[in-house]
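One structure below.
We call the chains A, B, C, D, E, F and G, going by the order they appear; numbering starts again at 1 in every chain.
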Amino acid sequence: MLKPLGDRIIIELEEVEQTTSFGIIVPDSAKEKPQQGVVVAVGTGRVLDNGTRVELDVKVNDRIIFSQYAGTEVKYDGKEYLILSEKDVLAIAE
Amino acid sequence: MLKPLGDRIIIELEEVEQTTSFGIIVPDSAKEKPQQGVVVAVGTGRVLDNGTRVELDVKVNDRIIFSQYAGTEVKYDGKEYLILSEKDVLAIAE
Amino acid sequence: MLKPLGDRIIIELEEVEQTTSFGIIVPDSAKEKPQQGVVVAVGTGRVLDNGTRVELDVKVNDRIIFSQYAGTEVKYDGKEYLILSEKDVLAIAE
Amino acid sequence: MLKPLGDRIIIELEEVEQTTSFGIIVPDSAKEKPQQGVVVAVGTGRVLDNGTRVELDVKVNDRIIFSQYAGTEVKYDGKEYLILSEKDVLAIAE
Amino acid sequence: MLKPLGDRIIIELEEVEQTTSFGIIVPDSAKEKPQQGVVVAVGTGRVLDNGTRVELDVKVNDRIIFSQYAGTEVKYDGKEYLILSEKDVLAIAE
Amino acid sequence: MLKPLGDRIIIELEEVEQTTSFGIIVPDSAKEKPQQGVVVAVGTGRVLDNGTRVELDVKVNDRIIFSQYAGTEVKYDGKEYLILSEKDVLAIAE
Amino acid sequence: MLKPLGDRIIIELEEVEQTTSFGIIVPDSAKEKPQQGVVVAVGTGRVLDNGTRVELDVKVNDRIIFSQYAGTEVKYDGKEYLILSEKDVLAIAE
């Protein structure tokens, strides 16, 4: 299994319905498109300047929404994952 | 429901009247145009370097004004939301 | 009424006399041109890394001078305001 | 009178003799040219991360030398001033 | 032997299977490709602003995954190593 | 006399022998060329985030070596000086 | 003798065998090439935000490996040195 470090999490991607279709360039398209995934592993948290460690708010099995260009794709044991920082998580879908 | 992390909030957009019309390029148009929305969810706040968590000043149901290009659009359960950081909130309309 | 967050303030703009006229490009024009306004609302201050909140030095009704390109224009209840950070305030005119 | 905020000071400019004349491009011209002025007002100092305020080292009536492109020109009561941060002050001429 | 400083680690590279083949430019290719290696030495950790030293989470013999362009290649005693910061380690493969 | 602020120092420049001659572009020329001077005045030091002031390591009369493009040239009382931050001092020649 | 300040060290360069030969542009060449030297002097360490000074991990006579473009070349007493920050030291060769 992959074990992320610090404030990183590992997710499996899920397909998000894409109903939006764009013309040439419209102002609203300047905003980021989010993506969705399920958390399969979380790091032990980042260390603050006073030496204490802050646990992540995200838990394993959370379904999360994150920024489109965040993270690094990893292929491990024949499956594809995305490793990203908790800072790139926008929201948890409950 | 979507649950934002840290200092993020989720809003539903509202249309703002647009009475301003611009010519080619005028100095004043260098300033950002704000947008308006209603808060539907708030994060648990950011963690300071001393380990304490600062609650958000923005509450659910607040009508807020925010910078034009801030945030990420999310479609969830057939509705559109915008996820943005509290730092991008300019003011609350009371 | 609009209520600014953190270290932000809301001002009504005032016209400043403009006696300077520029030629093509002169070295001095590299400096910023300030603008003037009257404060109509102030935020509750920014939160320091030790968790305490620092009140703003600027008060409602202060006449302030600020950097030319600072802030975001907001139209609210038919009136125009400018929302800016206290950091963009150069001086108070007493 | 103008009252600067934080670590800002207000000065009246003084002319500095300019005996240097430049050719096209010489290596030494890569360095900044300083300017000189007399302090007419100082801010109450910046607030440290622990909440204490640090008074300015510069006092009213100090003759200071500062970086060429620092500051913002302000016209007030018919006189011209320059508002700049204490960080832009290079030295006090005693 | 090479002894890394601070939060740096030294690894021996391992070949990762490369089954992905790209066309011209596809959106997903904007993401980083990770690499894999085995840790052969770790630094004594970084020093926090309060003066305490934080030990690394990565240990010697850990098999790690890291960002593609991270680190500096070093040839020592006829063998090739990569020196990188723990911050560039994405996950440990257990 | 000129009195520098904070972590700034004032030096008189000294000529450094220049035996190196360059061809067109060689990799090594990417490194900075240092300069040399004698310290004539030092600031009272910078203020840390906890409010204490750190005295400079450089003393008056030290012969120092500093980065080529650092500092601001000042002409005062007919003599030329260079004002630079202690951070730009590479070493003291003893 | 040259005495470096803060977290700086002074080294004498050593030649590193260069067996690698590059073609036009290959992905791996995006990584930095390290260099090697022997430490002849170390600074007294950097000052933390709480006012304490952190001694360097590098000692005189250490053989170190550092990033290719780090540091400033200095000629002193007819010999050539390189002054660099401890942050640019990748590893100590023991």
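Operating definition for what follows: a contact is a pair of C-beta atoms (placed from the backbone, for glycine too) under 8 Å apart; a residue touches a chain by one contact, two chains touch by 3 or more.
Being a predicted model, the structure only gives us computed values, none of them experimental.
Student: Please tell me the distance, in whole Å, between the geometric centres of subunit A and subunit D computed from their C-alpha atoms.
Tutor: Taking the average C-alpha coordinate of subunit A and of subunit D, the gap between them is 47 Å.
Student: Find the geometric centre of each of subunit D and subunit F from their Cα atoms only, then give the gap between the two centres in Å, rounded to an integer.
Tutor: 21
Student: Taking each chain's centre as its mean C-alpha position, how far apart are subunit E and subunit F in Å?
Tutor: Centres of subunit E and subunit F (C-alpha means) sit 37 Å apart.
Student: Two or more other chains in contact with one residue: find those residues in subunit C.
Tutor: 49-50
Student: With chains as vertices and touches as edges, which is it: line, ring, star, complete or other?
Tutor: Here the contact pattern is a ring, one closed loop where every chain has two partners.
Student: With subunit C as the start and subunit D right after it, run through the chains round the ring.
Tutor: Starting at subunit C and heading to subunit D first, the ring runs C, D, F, G, E, A, B.
Student: Give every residue of subunit D touching subunit F within the complex, in rising order.
Tutor: Listed in rising order, the residues are 16-17, 19-20, 28, 30-34, 48-50, 52, 54, 57-58, 65, 67, 86-87, 89-94.
Student: Give the list of subunit G residues in touch with subunit F in this complex.
Tutor: Against subunit F, subunit G makes touches at 1-6, 8, 10, 41, 44, 47, 49-51, 69, 71-76, 82-83.
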